[in-house]
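Heads up, the next two complexes both have subunit A, just with different partners, subunit B and then subunit C.
Moving on to the complex of A and B:
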């Protein structure tokens, strides 16, 4: 296997897929970079002159950008907090011996299989609608004024909807981690005088660290680019209250037809995502070492 | 104090009775070994005493107090698990400190006990390592350290040496024996290895299918086994069992004779056979003798220099006073 010959052959064999993958990645990236330095607005046909970093200047100084940046981070952090904490509690519950465990598990996992657009629409129309939603009925039956979630707490509502979708994923990963915890460790802690809470805090939580890290890393990748849920519920509004970076890029390039500006936004989003990734790996990457 | 009394203790998992009602008295300061084949209920019995399993019926008294309502932590017992069950994310120091932290012992006292345990167990250099960075023997010592610092009324060991290699096992066996001499605390030790039982125990409890076959000091069991099971289980190599006319000649259904109680001669003796495999241990040689007409093989020990070879004919003479006679139910006559 390790002869020079075999290695050369191996490289040759995998080259088509590597080249395909690289092309798949590099060509769109290159084109985005290229468009981002052009004045390229579909509403103003003509030649597309090179304008350097003008698009970036406009994008970064746009008040919508700061708002979108904060919203993006709030969305990621909010959903992570809800799914990790909620997922741990649910996993703890599902780990208990109980009646019809299989059915409960399937029920808990189900939201993961619902498309983002569908689940967002269900939440928007069936739960959060201020006239017909279940929450409105609930509020009214309690004698309270209905609360218009999507208008009055748009970002919170979106965090809620996205958390609902990602909770099963976190629960599943944390549940498998919990089930891999050595029983003898728990028993040893029990003999050492640790009550249920101490055992959870000193044994279970550290044991879940690695799984939680995986959940955080994977979810972050997807949460930085939440889009469908915003599009079908609030359209980024009111104002910019629920616009994240992805939605801002969409608004620039497809609502205002400014391809140059949209591309610049895309590049900024890529850079930010990488900063977040580096930061995350620094902060919790050591959990992944054996 | 560490006196443990089991009264009619019974344990069943669902319909399966793993331990039929059983009585046992363990005195303060004793080193008691539960020995028996795999699956005979040794661990279950230990876990019942520890409180990790509930008894199905009967009572366990620790220092005269009924323990039924006491959770494991309140029984004052410390357990060393077969898998060591160290906390992988904590350093050795934190592992050892954990039971004291749970008991809210002052930091100074904690440090004092950790230092004492670490120096007794040769762990001082490793206090800041994680369990994953230690060898099997060191992990074993950490587990023992974690038990010692609690200053328990009794130690419970569940096959603590079974994951170690042979040389280390002998070393740890001695260390645990020395620990017992030094602390003079009650220890209950579970093993399937009769050599561990013989070398360490003050009192051996031989178990089969959850039932106590015999309780006694090691030599008592060796010299005076109550039945065929104990006779065959204690002693290495195993006792030879002979049935048929030769046994009838001794007025027994079965007779048993240990390999070390048979004299070997090239010229004369009561029994005649042909040498099969010879195991040379240096000090002793064990011969497996075939074609004696008594049993499939008869194992004998010849000490010192032996000139006998494979295939040769030998004569065997059992030492008359060392013959064990058993009736048709396997009980000693």
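Moving on to the complex of A and C:
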């Protein structure tokens, strides 16, 4: 059992981290809340009067907010659907006996290590560009008219790019979970005459459930904050067609210099993320007891 | 247990995996390939595959843009700096929580994790204004501070899960033998903890290198790391495909290589130990 002395030492060792994280959380959070009730624009010097919930009213009733909210949801759900379904299939494939698995796995997970600005620009210029992109060449060789992905289907294109980045994450985690699956259980089921499909349904899927939950929750946290991919491809446009909540708050704050409005948007983003976070924390907390 | 499969089945699996792997990897392959073309060949219609005049001129050109090396160096300083600073703060905390767990250890861990869920954009305005006030905008120091703070929970969690696997009896034994706290840490714990710490460092350098919210919003010409530098190619300059490719290849190569070595740790670090 730990002595009193050890306990005091432990507390001392934990405190720097706690104090730093507490400061990092509380100071900016307090400031965001405070700014969100002021009329405060960096382009209009002067006093910053208290305006109560005015910023929230403007922010929440702005059509741009509705658009951004829908886009945020579409982006999160779209990428989740692609990565979870694709990731499960890929994990299943890579779990099969084959030669040189390591090499194929490396190829599949590589996109995860590409920085967001690079992957967005590579897709934007070298693939989706309507004149010189590879897709344009491909369409032309098939006798189709070139398609300007980022102008005509901006959100779809961004979902495509972000899915490419996150597919490896889902695959890797589901594959790890699959490999911890009890082989004997499968073999026993096989002997009992269970077909491949029913083995997958009754053994693999339940086993993967927890890993899939973790993938969904962690990806959601990151996907709510997609930013660089939008900034370098569409700048949220055309119009608001590919503006998500993160980008909208950025635009209010650092492009229109509306500190009050940006802060109100920030608070809304925090609330949304927290709803997801509660579920995530529960899933991870359960694991701590195990 | 190896399952019995026919060679044909194995060959088919291999072929499918190779095909899909190649498709997913293709954008990276194409970027690297394009970086060795001339600008004209890079946009040739139809695209040229291997029969072009391989050249290193793009790499020379990108490096001659006096600033490339600066941005590369910024990335190194920011990612390595924030990781090491975070490690210094996190090791004592993780050690204490793993070996002297108290009643509230779990709550503290969960709370630390919850700070990671705070969306960056929610505190963009205050951090930007604070940085402006303190003269930290567009400084490497400023980014090291921010990235240390946002990755601190991950570092603590990863170290905690590794430390927890070190058997406590060994420490007890050392204590019985009269080892002081410091001796216990330096002679017993650290040697056993080094692999876990190395993985933590690796994953965090990767995360910090690719971080693209704060690096884009808090830097301009001076302290911009590669994420922000590459973003500048979204202007018409980006239509110089070969140079964009060369700059991109140099920006992703080191991290791609590190990433391949840290696949296993990646799972553990990013799921906070929930999947191993």
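Here is the rule we use: the second predicted complex is superposed on the first by the 263 of 290 C-alpha atoms of A that agree within 3 Å, B and C clash if a C-alpha of one lies under 4 Å from a C-alpha of the other, contacts with A are read in each partner's own complex, and residues count from 1 in each chain.
Keep in mind that, in the parts below, contacts are C-beta pairs under 8 Å (C-beta built on N, C-alpha and C of every residue); 3 or more make two chains touch, one makes a residue touch a chain.
Computed from a predicted structure; not experimentally measured.
With subunit A as the common reference for superposition, the partners subunit B and subunit C occupy compatible, non-clashing space. Legend: residue contacts after superposition of the two complexes on their common chain; A:206 is shown touching subunit B, with no touch to subunit C. Working from the superposition on chain A, the subunit A vertex angle toward subunit B and subunit C, CA centres, sits at 80° in steps of 10. Contacts of A:232 after superposition on the shared chain: subunit C is touched, whereas subunit B is not. Applying the stated contact rule after C-alpha superposition, one finds that A:198 touches subunit B and leaves subunit C untouched. Residue contacts after overlaying the shared chain place A:187 against subunit B and subunit C alike.
Using the contact criterion defined above for the overlaid structures, shared-chain residue A:277 touches subunit C, although it does not reach subunit B. Legend: residue contacts after superposition of the two complexes on their common chain; A:109 is shown touching subunit C, with no touch to subunit B.
Considering which of subunit B and subunit C touches more of subunit A, the answer is C. Looking at the shared chain after the overlay, A:50 reaches neither subunit B nor subunit C. Between subunit B and subunit C, the smallest C-alpha to C-alpha distance in the superposed model amounts to 7 Å. Shared contact residues on subunit A (touching subunit B in one structure, subunit C in the other): 184, 187. Listing the residues of subunit A that touch subunit C in their complex gives 2, 6-7, 9-11, 13-14, 16-18, 20-21, 24-25, 27-29, 31-32, 35, 90, 93-94, 96-101, 103-119, 121-127, 132, 134, 137, 140-141, 164, 167-169, 172-173, 176-177, 180, 183-184, 187, 210-211, 214, 218, 221, 224-225, 227-228, 231-233, 245-246, 249-250, 253-254, 259, 262-263, 265-267, 269-270, 272-274, 276-277, 280-281, 283-285, 287-288. Against subunit A, the residues of subunit B that register as touching in their complex are 50-52, 71-73, 77-79, 81-83, 85-90, 98-99, 102-103, 132, 146, 150. Those residues of subunit A that touch subunit B in the complex are listed here as 182, 184-185, 187-194, 198, 202-203, 206-207, 209, 290. Across the interface of their complex, subunit A is touched by residues 1-3, 5, 9-11, 13-14, 16-18, 20-22, 24-25, 27-28, 30-31, 34, 43, 45-47, 89-90, 92-93, 95-97, 99-100, 102, 106, 108-110, 112-130, 149, 152-153, 156, 181, 206, 209-210, 212-213, 216-217, 226-228, 230-231, 233-234, 238-239, 241, 244-245, 248, 251-252, 255-256, 258-260, 263-264, 266-267, 270-276 of subunit C.
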